[in-house]
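Each chain carries a letter (A, B and C) given by its place in the written order, and its residues are counted from 1.
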Amino acid sequence: MEHIDKSRFAHVGESAHDREAIARPSLTFTQDAMRRLAKNRVALVCVVLIVLLSLMSAFAPIFSPFDYREQHYGHTNAPMFSVCDDESSAGYGHMHLFGTDTLGRDLYTRIWMGGRVSLIIAVTTAIVDLIVGCIYGGISGYFGGTLDIIMMRLLEIINGIPYLIIVILLMMVLEPGMMTIIIAYSTVGWIPMARLVRGQVVALKQQEYIAAAEAMGAKPARIILKHLLPNTLSVVIVRVTLAIPNAIFSEAYLSYIGLGIPLPKCSWGSLAQLGIQNFRMYPWQLLIPAICISLTMLAFNMFGDGLRDAFDPKLRR
Amino acid sequence: MKNRLLAWLLCLAMLLTIGAVAVAETNPNAGLGYYPGTSAAGSIAVECSTMSVMNPIKMTYNTELGIARHTQDCLVKLSPVDNQIIPAAAESWESSADGLTWTFHLRPGMKWVNSKGEVVGDVTAKDFVFGWSELLNPANACEYYAFAAVFKNAQAYYDYASGVPGAPEVKLEDVGFKAVDDLTLVCELENVLPYFLQYVKFEVMSPIYEPYYTEVGADNYGTSPDTMLYCGPFYMTDWVLENKITTVKNPYWWDAANVELDAINWIKYIDTNAKMNAFQGGEVDLIDVTGDQRQMFTAEGFKVSNYIGGYSFYLYCTQDDPARDISNKNLRKAISYALDREQLINTVFKNDSEPAPTFALGISGVNTETFSEAILAANGGERLYPVNADVEKAQEYLALALEELGKTVDQIDITFMVSEGTQNELYNQVMQEQLRKNLGIEAKLEVLTITEARARRNAHNYDLFAGGWGPDYNDPMTDLDLWTTNNGNNHTGYSSKKYDALIALAMVETDMVEREQIFVKCEKLLAEDMPIIPTYWRHEDYVVSEKMVEGYARLPFQSYNLIYTKLAK
Amino acid sequence: MARYVIKRLVYAVLTLFVLITLVFFMMRMLPGDPFLGEKAISPTALANMNAKYGLDKPVFIQYLMYMGNCLTGDLGMSITYNRPVMEIVSESFLVSADLGIRALIFATIAGILLGAVAAIKRGTVWDSLSMFIAMIGVSVPSFILGAVLQYFLGLQLRKVLGMNIFPIQGWGTFKHTLLPAFALGLGSLATVSRLMRTSMLDVLSSDYIKTARSKGLSQSQILWRHALRNAVMPVVTIMGPTVASVLTGTFVIESIFNIPGLGKYFVTSIKDLDYTMIGGTVVFYGALLIVCTLVVDLLYGLIDPRVKLED
């Protein structure tokens, strides 16, 4: 072995200051998660995409030369990029970027009008889903016993009542509009989530860290919120992202039976439904709303994956 | 009476032509090689929308009656060639001088067959008596019992049997239909009915074989192919509820020699894309198509057929609630002038449907081909309702209306009540937009299920509701008596003493020309008071595969008549 | 175990009772009248129709009668179809279940495999493929998927090949089940594969897998004996109600492919206000749902030894 001369090394000594310094900044759980999320490029791209779709929905209809309900009788089912030839319209000479629908309404304007409705519904119902489902499932799973059985039977009952009946009855009481749609979906939308969370909690509550928390005198609310739910997070996030397109289509279903947003307003779901009628002749009428929905879904899904990676305590390093 | 004479003449004419092969429609695409149709030899598959009930006395839907037309034989039926009454189970008939007693002579040798094609019994006059008695039996709760209520004492019997308080006792034997012998049926009517044969041809008036009916039980009869009997050109062998019915040629039918088809499969479609795919893929031979599909077929060079079912469409307007803006007559007129009926048809239906010039459609006139022409003639050739929007006139009426209501345009509150369905929603959205554009009125749309919409329509709890009316028989009365005060189908609350008096006058008027003039006055009064805003007369589009060459018919009162369809060789 | 099952069965009967009661009174609150047709009916005829279906009695009496009949297995006569509800439900359920079982087998097996493979080979092509399929399954609803499959595989493929591989519509042969089962199953497949992937990732990073690995167990032993079994839990949870709803069919798939299943009656009975039919479908679906969740809860105990069935 080659000899290394000791003189090549010098003792630097240690400074008390350096020794006490904290190499990494002190971070709370949330800060740590956000930091990791910010490092995830895919998740960031998805956030940008969602913001972009939201901005377009908010502003594109305002700047469009066409009104979302204005019908051009001479120009129905026009292909993409066709120029409006209706002299009585404010949009005369402008281009129908996405063509027109079966009544000659500008699809570009309608897509973004529809985006307003669909995105708001998607996000709010996802939040309701998350809050109600997690708490209900958490309580039911953690306490177990008779309470669990009763709470789960209640779910079965709500699940057993036909959605259509609930919706029609709601329609008698409420004015048609965005709020009603959210309420209608919220009555049943959270059930799969509650079931899922409960299933996870039932399995998790046997684990040592829960026993430890209990031994330390943690209250049930703390155990559920701080210990159990964070550990179910990965599954919960998947379910939420899957619930988003569900909510969008549920709205389309509602508009089909009259509880949807009042006509002639539209949503991506209702545009897709109208598009499917003639997709063989005018495929873009279906493709454009379908792509919007898929993009939203993809963005939320990838973003969800990023969130999961960032927030899951088990993956924390 | 003129009608009776006409019936006799027709009867005679038909007797002369029996045996000759009648040709109804001819397929415009035959042999062009676009869509060859289903592959099974000798049979065809056709679209049929509703087929929930097959017991003829309990039927209510046009399409169900269409199947009964192929599996049962009434006394008379409509010709697939010219839609006139021709003999069916009855070979001949005559009526008394006062028009109250009718005697039918049945065709000898007709058989009842079951779902296996076995002969069960003979068709006799008793079977008609039994079928009509069951139609009047309150326990069966038949919606169309009224067709049998035209007989003497029939309504009184129905009321008595239903336990209506104060109804005097009437026995079934006293009701005006009797089987004198196996082949002779005598009917007595309560009132003179110019179009009595049109009632008898209605499929709910089919015969029923009593021994079999009592054996399977009234509730079970007609719930499956095996629990009913057939006496028509086809019998039913298979029925998958809400999906498919198979009917097979009945070799024992009296005119079986002229029936070329071996079987008809009736298929129910819900999805319009699915049925077009099925048609193009050769899984069905006849389907109805939407306007957009029509354009697609036309672009390919494939000809789309159409027929007029006799339906007139209009907007019901509530009259009797002064709190609603729509109760203002001038506002309704403004709406009528603001509607562009041509655009409406071109954007939504994209077919040959006509902008309604008058309300009543398709009914024969006395001296003109249609009753509508007589109205136009009396009105100096001018339409009662415009083709295109007349914004100027609309604004004029709107100004009057606003003054009477004491409101500004923004305050006008109108809601279209819409029963769900894509086509219907589009139709209403176009009218909504036209009101916005031509009147500046921001109308709302309210989409409801059909049951709720009907309930609210009947309760007059709506502003505007798009509805339609198909005639029950070939006389303007079937359309125009709707708007009398006490008519159950007058859902507008329109009540005009003048109108009621005109209809009452027409009921007793025997001079046909005079009678028609009364009807013309009714139509003009309607246009003046405007309880309804007529929109369009529907033409229904359908496509036929090249397998069906000729002999089929789609006409008013008989949406399907496929009995004598000839197939491509 | 036996005690648990008996207890659950008692609860099941109670649940069903509450469900029927609720639905009975809710459907009576629905607007409209089942007998209002397009054309007017005389009041006497309307009264006769109401009498025929017992709708002329006070609602509470009707409720008692309905409950009594339910106990004897009689779900009444359908107003729309004039035939026993039991007969319609059982006939159409056979068809829906036939299709549903195929769809479920496809969805669960393919979904679990796809999800598991995606997790094991995280970040590879397999992962992206699984994501892509899940994307289609979730973001393309069945009304689009069904229509597109029918057009391209049913109609266009037939034109191209000149032979009939996928029938466009109808029911009866094995061929007829292919497209609808795929369209019906793809949504569930997506959910299953996504859930499976996440849950598998969780499991793979857990301590007992590390322990197993350090014991020197082979990769396949770890996967089969430890990981898969534990990872499948969330999938099992979600499968309970999914099985119930897939087996009873869906309106959309049935109308696109013209399948005589049960699904459409859930929608049409409510639109037609066919009270007896609404009741029948709810009783049937409710019972099936309850049985499915019971089975799922029992499976919990079998699959995951950590879960104790509490009684």
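Simple rule for what comes next: a contact is a pair of C-beta atoms (placed from the backbone, for glycine too) under 8 Å apart; a residue touches a chain by one contact, two chains touch by 3 or more.
Please read these numbers as outputs of a predicted model, since none were measured by experiment.
Enquirer: Please indicate the chain closest to the centre of the assembly, with centres calculated from CA atoms only.
Expert: Centre-most chain by C-alpha means: C.
Enquirer: Counting C-beta pairs in contact, which chain pair has more, A-B or B-C?
Expert: Result: the pair with more contacts is B-C.
Enquirer: For subunit A and subunit C, what's the span in angstrom between their mean Cα positions?
Expert: Taking the average C-alpha coordinate of subunit A and of subunit C, the gap between them is 24 Å.
Enquirer: How many Å are there between the centre of subunit A and the centre of subunit B, using C-alpha atoms for each centre?
Expert: The answer is 50 Å.
Enquirer: Counting in whole Å, what is the centre-to-centre distance of subunit B and subunit C, each centre being its mean C-alpha position?
Expert: Averaging C-alpha atoms per chain gives centres 39 Å apart.
Enquirer: What are the residues of subunit C that contact at least two other chains?
Expert: 30-31, 147, 151, 270-271
Enquirer: Please list all residues of subunit B that touch 2 or more other chains.
Expert: In subunit B, residues 273, 448-449, 452 touch at least two other chains, as defined above.
Enquirer: Using the touch definition from the top, which residues of subunit A touch two or more other chains?
Expert: Residue numbers touching two or more other chains: 168, 273, 276, 279-280.
Enquirer: Within their complex, state which residues of subunit C touch subunit A.
Expert: 7-8, 11, 14-15, 18-19, 22-23, 26-27, 29-31, 131, 134-135, 138-141, 143-144, 147-148, 151, 190-191, 194-195, 198-199, 201-202, 205-206, 233-234, 236-238, 240-241, 266-267, 270-271, 278, 281-282, 285-286, 289-290, 293, 300, 304, 306-308, 310
Enquirer: Report the residues of subunit C in contact with subunit B in the complex, numbered from low to high.
Expert: Per the stated touch rule, the residues are 30-42, 44-45, 47-49, 51-52, 77, 80-83, 88, 91-92, 147, 150-151, 154-155, 158, 167-171, 254-260, 264, 268, 270-273.
Enquirer: If we count contacts the way the header does, which residues on subunit A are in touch with subunit B in the complex?
Expert: 69-71, 73, 76-77, 102-104, 168, 176, 255-258, 260, 262-264, 273-274, 276-281
Enquirer: For subunit A, which residues count as touching subunit C in their complex?
Expert: Residues of subunit A touching subunit C: 144-145, 148-149, 152-153, 156-157, 159-162, 164-166, 168-169, 172, 191-192, 195-196, 198-200, 202-203, 206-207, 234-235, 237-239, 241-242, 245-246, 249, 252, 272-273, 276, 279-280, 286, 290, 293-294, 296-298, 301, 308, 312, 314-315.
Enquirer: Could you pull out which subunit B residues touch subunit C in their complex?
Expert: Listed in rising order, the residues are 52-53, 55, 58, 60, 138-143, 145-146, 158-159, 162, 164, 219-220, 222-223, 240-244, 267-271, 273-275, 277-278, 280-281, 283, 448-452, 454-456, 458, 487-489.
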